[in-house]
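Given below, in the form of structure tokens, are the structures.
After this come two complexes, each holding chain A, first together with chain B and then together with chain C.
Presenting the complex of A and B:
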């Protein structure tokens, strides 16, 4: 087994997170369609049970990683001046980190 | 036959322009290169590359009515008139339809396009099974005309660091060659954010290849080889 480097790591991570996102959307949609919650409180209680809570947290982690690789690729392709690219990547990282933090806070409440 | 041809002579022109020509093809003129040769008998200042005139050398690659191709294997029958000829997009123009291919060949040389062996050479030839030889089909036929790289948007965006479909197809040709012993080094060399992974699978390369090759599939084979090596 050999190490993956920057190119393959990003490519693999983007595909792995895409698979997780797809699985999450399918599972949660099926759950909602097949056994719809009786009320908001019932849905909230189910979402905050350990399994769905962890899965949802991982969903947001996957979204952040997937979006980071995609947006980083766009920046590498289109944003050529180094300072501007750094600013764009910092803004993207900040936005994704804030989204992830907000999701984690919501799920921990 | 009417043609509109990109003209630029850096010694006399301040900017490029399109020049119209009207020429009557002779009965034996079947390919676009035949017509260009006929135009050159009328206007010997027109510059373009040509050599084998049968789709083997790749010299006369140019942009024909908006798509890249080889003039020598492009039939004039069916070409929409006026036939608009431009140099390969994204390549620096030296003069008229002649482009500077320095960077293209730098990328080609960067993939080390030759067999690398660590063992001592055999007394006679390197042997390959028919199955091992088949792995090279669709790869060794590349004539390095640059039609693919010139039409690749990823190569337009990152011309210095993305190797481009032609060089990557050639890289694949040596990665899958059973006689080569530098597969790991080759894969490691390509595994960064730019050399290979700027490919967005747009597939202009496959659409435009005048030899009918599939550089996008070759790039995918390299990714799979990297994945197998890592796992």
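Presenting the complex of A and C:
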């Protein structure tokens, strides 16, 4: 059973995060197009208000998971030598984790 | 382990089959170019993520940082990158929605799948053209 769900989990996570990312991209694009921030103060006040702040934090969590699954699939398809594959996967995981951490620090300050 | 250079298979593990891997001579159907575009756009968007975190941090830090982001995004190289990323985002979203519909069993016949594949390419190019128009 566990082996059956092993591939299913990534597949499901990729789609669940895709739905959130799609909604986020549509909402934030519309907001940015319809009422672009007029100044630094307006931008900061809006971005750090609870709704956008939480939504953006969730976006970075979702996009890190989504990108991990996608980049992992690409690496497994094209990078065959074991050591190089391990290095690429480690770099991808490290880069995504660092990006997520940076965004979380920005949004929690 | 010795490998067959053409197929990459371990020698002797499979019967030898004819292999024709000449990407420039193979006529890919539009569904295949959408599939490849989904990968390429996803990779581009993933590469842009650290820059997104950087832009977010800089724009929220102080008025000077906010000004630097605005000025930086209006530079010529940044505008070219933004158009490319707009294409990637539009293509990735449209092809992703197409995939989700396939998962739900919608549009899986070949004529419909070909049509939606053309629609994905057209939508992505249209969004890129609109963003380019807005930036210039």
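Everything that follows uses one rule, which is that the second predicted complex is superposed on the first by the 99 of 109 C-alpha atoms of A that agree within 3 Å, B and C clash if a C-alpha of one lies under 4 Å from a C-alpha of the other, contacts with A are read in each partner's own complex, and residues count from 1 in each chain.
The criterion applied here is as follows: a residue touches a chain if its C-beta (ideal position, glycine included) is under 8 Å from a C-beta of that chain, and two chains touch if they have at least 3 such contacts.
All figures in this text were calculated on a predicted structure; none of them were measured in a lab.
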| item | value |
| --- | --- |
| Chain B versus chain C as contact partner of A:22, first or second or both or neither | second |
| Chain B versus chain C as contact partner of A:10, first or second or both or neither | first |
| Chain B versus chain C as contact partner of A:76, first or second or both or neither | first |
| First (chain B), second (chain C), both or neither touched by A:67 | second |
| First (chain B), second (chain C), both or neither touched by A:95 | second |
| Touching partner for A:84 - first (chain B), second (chain C), both, neither | neither |
| Which superposed partner A:43 touches (first chain B, second chain C, both, neither) | second |
| First (chain B), second (chain C), both or neither touched by A:30 | neither |
| When both partners are placed on the shared chain, which of chain B and chain C touches more of chain A | C |
| First, second, both or neither for A:103, with chain B first and chain C second | second |
| Residues of chain A touching chain C in the complex | 15, 18-19, 22, 25, 40, 43-44, 47-48, 56, 60, 63-64, 67, 70-71, 74, 80, 95-96, 98-99, 102-103, 105-107 |
| In the complex with chain A, residue positions of chain B that touch it | 154, 157-158, 184, 188, 190-198, 200, 223, 226-227, 229-231 |
| Chain B partner contacts - residues on chain A that touch it in the complex | 1-8, 10-12, 73, 76-78 |
| Complex interface listing, chain C residues touching chain A | 8, 39, 42-43, 45-46, 49-50, 52-54, 56-57, 59-60, 62-63, 66-67, 89, 93, 96-97, 100, 103 |
